[in-house]
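Working notes for the structure below.
First chain written, first letter: the chains are A, B, C, D, E and F, and each begins at residue 1.
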Amino acid sequence: MEYFLILISAIFVNNIVLAQYLGQCPYLGCSKEKGVSLGMGGAVIFVMVIATPLTWLIQEYVLLPLDLGYLQTIMFILVIASLVQLVEMFLKKSVPPLYNALGIFLPLITTNCAVLGVAILVQRKEFDLGLSIFYSFASGLGFLLALVLLAAIRERLEVTHLPKSMQGVPAALVMAGIMSLSFMAFKGMIS
Amino acid sequence: MREILKMIVVLTCISGISGFALSSLKQMTAPTIELQLLTFVQGPSLKQVLPDYTNDPVQERKKFTNPLTDKPVNVFPLKVDGELKAVAIEGFGGGYGDNIGVMVGFDLEDNKLVGIGITTMKETPGLGTRIAEPDFRAQFNGISESEAKLKSQGGVIDALSGATISSGGTVAAVQDAGKIYSALKADILEAFK
Amino acid sequence: MNKNIFILTHGDTGAFETGSVPFEVRIPLNGHGKKAVKKKAEVYPGLLVADHSNAKIGDMHSGITGVVTEVTEKHVVIKAQELAPAADGEDPKPTGVEPVALAGLEGDELRAALKGLGVDIRPLIRRCDLLVINALNPEPGITYAESMLVHAKSTVNAGLEMLKRLSPASRTVVALPSASTAAFDGTDIAFINPQYPNSLDELVVASITGKESMKGVNVVDLHTLYNLGAVAESGMPLTHTVVCVEGRNIVAPIGTPVGALLKEASIEVADGDSVIMGGPMRGEATGDLNKGIAKDTKAVFVVPAGVFQPVSDHACFSCGACVQHCPSRILPNMISRYVEFNEIDFCRQENIGACIECGLCTFYCPARRPMLQFIRLGKHKIALEEAQVAACALQVDE
Amino acid sequence: MAMWKEFSKGLWAELPPFRLLLGLCPTLAVTTTAENGFGMGMAVVFVITLSSFIVSLIRKIIPKKVRIACYITVAASLVVSVELLMQAYAYPLYQQLGIFVPLIVVNCLILGRAEAFAGKNPVHLAVADGLGMGIGFTLSLTFLGAVRELFGTGYVFGVEILSGSFEPVEFMIAAPGAFVALGLILAGMNYLSIVKAKRRGEPAPENPSTGCHACRACAGHK
Amino acid sequence: MAKKSLSTAPFLTVASAPHMHCGTSIKGMMSTILLALLPAVIGAVYWYGMEAIRVMALSIATAVIVEALCSKIMEKEVRVDDYHAVVTGLLFAFILPAGAEWWLVVSGSAVTMVLGKMLWGNFGGAPISAVAVGWAFCIVSWPVYINVDATMLNTTLVNPLTQLRYFGVESVADASMYNLFIGDQLGALGAVQVGALLLGGLILLARRVITWEIPVATIAAVLITGGIYYAIDPEMYANPLFHLFTGSTMLSIFFLLTDFTSTPNTRGGKILFGLMAGFLIILIRTYGQYPDGVLFAVLLANMITPLCDMIKPKPFGAR
Amino acid sequence: MVLTSVLSLLALGFFCAVVLSAASRVFYVEEDPRVEAICDALPGANCGGCGYAGCEAYAIAVITDPDVSAGLCCAGGAEVTVAVSELSGKAAGGDDPEISFRRCVKDEGKVEKKFGYQGVLSCTAAGLLEDGPDACKYSCLGYGDCVKACPFDAMYIENDLVVIDPEKCVACGACINVCPNQVLEMIPRRARVQVFCSTKDKMKAVMDVCEAGCINCMKCVKKCPAKVISHVDGQIRIDQAACLAYGPDCEEICVDVCPRDILRLMCPVGITAKAQEAAAAKKAAEAAQAAEAENPQPTA
């Protein structure tokens, strides 16, 4: 049940993009086409699910015992940046089809604050290792959902007579706002 | 090979330097941060506990060691016109979002609660956050520690409708503070008298 | 609006009228390279006026007696007039041509003879297993089909015989409206519900074969069959055809100006009206009353200005009316938007090619968007793009 | 002069969140009040200026393969410093900005400028660029915060502006309001550019925020 | 036999095929919708009197003026004469309490038009239901002023949804379905005229302005989802019919979920869309913070519209 | 405390560096060195502004796809464009800048409408119906297909005719192929003479519909001393490169002989008014000098 609640919470109630403002750059940047948004979402889930347990281990076995809580940010980001680069190199060499599918999105993820955000959130919520992995997966799903929905709507907006000044990013932003507004329906569902 | 060596050296050096810089900065700022934390987190809650104190409890606080957990605990004296009215201790209880921190004021005379104040919480806005409202908090004024339980647990506190977890967390925090208080009471009396 | 306007059966409307001879004919040419006549040449019915280099496209013949006044790439204009009698000492001028005996010919000779007589044989000899004669009125408002099956049955039969000789098909089916009593010897008959889009070739085939594919099937419509029959019966060149002018079926010389036909039917045309050659759903509007009818012009209509709301550039608001009525089960609304915004790739994704151009989307569009025109434009753009790609590929090969 | 050029471009021509669309997370998240926006902006000014300075200083010795890790380490150290300093000297602000202070480190503005500019240019230009970008960022955030605060509460910087029968539009300070307000501000900027261009007599002005590549005519997209 | 050449040829009009049209128009469709809304308007006036007329008139006037102004600013053709602003304004009035403050009506109606229609390029562009956006904006901004219980203190009607939310299912157990059906309940002024709206919906269906898929799918989903909860524990959860007959459910089913621009076009898409909306209505009512989250359900369903449209039949020739 | 933090960060940094360097060795993949060079030149912000996912994707696209322009990076601006175009070998702008040019002056020729057109406002769509609504079927229809195709907003419609803004046109050529009547043509900005009509009709047909149309009288073809004017496909064409190469010695005789004023002397597009004035003044001065040389005034 706890897992189910976390899933619902991370996808709908506290969606990282729509309610917590994380990962805005890729949210607006990679939501022009459905295919691209799927790839980006998949890559984010992938990296999050690997990065979160790693950072969790660092927090548990390095930062807490040595009382170095203030180094959390720098250590996490170092790990995430290296990890992303490593994954990219690995995929490029070993699994070229997967690299072609997700690899091009990987460099964008280093600067995706959603990954770091989730790693830190997991610590603040004091989840255990299994729950952290699950939470990061659920958050990634939430990101994917928001991204794909926005991409589908933006594809449709492309063939609409938008006012000239609304074309492109402004329309996407307003649409994201309305999406966030509609996700407020889930507010209070889990309390 | 040279390049790899360079990579390793550079990245290691940068990490090391930043580690050094940061830890130095941390040490430099640590006392200030603690004071700020007390002023801005615990400070306002002290006002909720006893609105009309006249001293500076943050400055006059004393550190004790919690015999239950061996962790340091701050005890704040609340004085009105120089006369010690109560001492305040922070306790924690699990809420919905995160731990709820509650500052509990104890009357040294009769060991009853003078009031409580919420220090930290991450509850659902509009639901759980209502624990910080005066109506809810007022229920704790003047009751004894043993009474400070939810009605369902045999106490006198009405839980907030729709925010049972938050209410329970508050009560647990009060109980936590009460435990610390009873454990430290003798030391406190000695220190502030 | 009432769905009844899509009913394609009108009953027998009587024998075909023969119109008066127009003051001029404007014989449309379709890439006919060699013109057999020059300006000021005197012509008489049946005389060859233009030859086509392709052996499968019929030549053009004059339908009236008169004098050629203009010869261009697009048409030959003949002014109707009595020819001056032959001067003394000359042979009397010919007034007609001799019929060709088609009965004895076979294979290539037959084809050549028919081409010479003005029959476009390309659609008739297409490789197929099944030959379908589409004997429904093609579009709402066109009324010749049933009369043709009654009053010109012999011509139709002659056409059918000839077609069977030409076509490689092993089986022939005539598609008739469901209540029809017409019979054909040795030919299967299929009944089609006579409601508008059902008369389109693709849907007729789908209803007969149960497969939504035109592969191995050749469809010939009744109008073509009648023209073929007229040639086969008489052995004379094809010079006249049946045109349905606002419900009246008139046999007129090919090249008769639309304006003359309308005058014949005493229909006034005013500024802002549309004159349509072909049916009201799929026909082409013409901007010029002098334009001559072609061999395959089945009808001429006039839509007076103001009867229907003019098309507008209103944005599609996705009401879904077109989707609901589309017999091709595609999304005309999205396709029209994609064409509007030049997203040709998306048009392909939405299967623009499946459109059979029935025009129902435009008919039902409450925003009065020119949906079919958008779709045709999209197809045109795709064709252009493919031609470009093909050209590039050729260059690479070289 | 060169320094002024690099500095001033961040103030209008390449105004970070509005024109370059960089650093949107904090732009949306912390601008519930003008004060928060300003505070976040100042933190970013501090980080971006110093990170530009340091990155530019050490740009020659950083091997290419680990440069992102190095840049991000530098930025992260600065961010942690800011976090500590903020805790020590501006605690209420720290409480407001919450998780977003550590996230400055992944603010693409900082890494973006480090890569795009500081990693390739001499120190004085890099500092000018970082300062300009940071100040532009601050101004944008303050403006957005002021707009949202004004409509959301009737106050700006805690000073009551709209009073009397005005009912605060809470939508503006809620999460969706951030998106909508930013979207409308961008649309408004575009509208102004279009109107301005019309005044100058150009009949078909360019859409500034989408740029020419938005038409995708040339952007060989898949 | 030879005639003179044609006299001065008329200047013809050339358009692409087809040259006929069924005669429907946006104006006609909007008039039909207005006609279908008429019973509900009468019901609203019957139950709430002049207040209802005031709110409706104010909302419609604002919507029309805002549309005209925005069209002017965007230099587009002003098309207020197609009545769609009137329809939007009226629908927005329908979801307000009869005692709504004037400024709430005006600003809400204006936001509805701007955020829900004009920003997306007038009628035809909006990927979301304008009325739902307007409502969501208002409920986030001014939760008290749009709350029927807080604004309608002088009425004897009861709001069944608030009862359900705060006092549990016993409090509404004796609510008569007939009373709910004729609009004898407290709620937004037009949305609760359940019977009248049903009548209007049937008019729309009969006049082919809307198709059956979305209403039927939504009703089915509401009944099924509600029924499942009801079957699990009738003491905890309300009767599915109760959900259908309260709040804005009926209004959404026939007038908002069938809004043209924001809903799918294909039959499969429409059915999925309706099922999703119905499911969300029950979900939000059961777990959500808002007593009546129907319009949120509309908005959420709008979000998946483009995805729903991906369910399409195989085109001609593919089978 | 300082020591632990320094040590732990050192360790982590060392670890990351080792892993990364090892990985870069183990997972080494051969790449086009130009891609790397372009990656270096690009800002590396991976902002996605170019329409590609990240700078590297764009770099690969620029190298591998000849249709991808070198000027897509908006974060980098002009300097990056120059750098990328150098590295990818793509022209950022040729030596002889060109401009799009409309070969139609139907407003001067008073071309009338054949019929009232109703339908999609697109030249291609209108052109498919009865050769378009204009009496001349080679005219600029003025529904602006090219305007929509222009990525640089350099075109607009005025009085049913397209107008090209020389300041904005970058000669990308997007408009050339979308015109159904092939009215648009790319010409060098320095071009001296241009044909203002694209008809392929014969003399009479042209005279019927247009007062300013080319009647194919061939005078220009015959008179051109450089033989750069030709009559291809029923159209007059000028080989602009050859014309410019020949130089101004012919004194633009073609313009003088044209009876319909279809060949016109063009001010070189894109040269500022000041430069034109200067050129004109210089020419006048030369003419005066020449005149002086021919008719020497009697000196007192």
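In the analysis below, contacts are C-beta pairs under 8 Å (C-beta built on N, C-alpha and C of every residue); 3 or more make two chains touch, one makes a residue touch a chain.
Small disclaimer: the values here were computed from a predicted structure and weren't measured.
Shared contacts of chain A and chain F, meaning chains that touch the two of them, come down to B, C, D, E. Of all chains, the one whose Cα centroid sits at the greatest distance from that of chain D is C.
Between the chain pairs A-D and D-F, more C-beta pairs are in contact across A-D.
Averaging Cα atoms per chain gives one point for each, and the point farthest from that of chain B is the centre of C. Measuring from the averaged C-alpha position of chain D to that of chain E gives a distance of 39 Å.
Averaged C-alpha coordinates give centres for chain A and chain C that are 60 Å from one another.
Rounded to whole angstrom, the centroid-to-centroid distance between chain A and chain B, based on C-alpha atoms, equals 33 Å. If you average the CA atoms of chain C and of chain F, the two centres end up 43 Å from each other. In chain C, the residues that reach two or more other chains under the touch definition are 272, 284-288, 310-311, 315, 334, 340, 370, 373, 376. Looking at chain E, residues 11-16, 115, 119, 121-122, 124-125, 137, 140, 289 sit in touch with two or more other chains. Shared contact sites, meaning residues of chain D that touch two or more other chains, fall at 21-22, 65-66, 69, 73, 76-77, 80, 84, 108, 111-112, 171, 174, 176-177, 180, 187, 221. If you check the complex, the residues on chain E that touch chain C are 1-6, 9-26, 28-29, 121-125, 211, 260-261, 263, 265-266, 309, 312-319. If you check the complex, the residues on chain D that touch chain F are 20-22, 64-66, 69, 73, 108, 111-112, 115-117, 119, 202-206, 211-213, 215-221.
Chain A makes touch with chain B in their complex at residues 70-71, 74, 78, 124-126, 188, 191.
Those residues of chain C whose C-beta lies close enough to touch chain A in the complex are 315, 334, 337-338, 340-341, 343, 346. Note for the complex: chain A touches chain E at residues 148-149, 152-153, 155-157, 160-163, 166, 171, 174-175, 178-179, 181-190.
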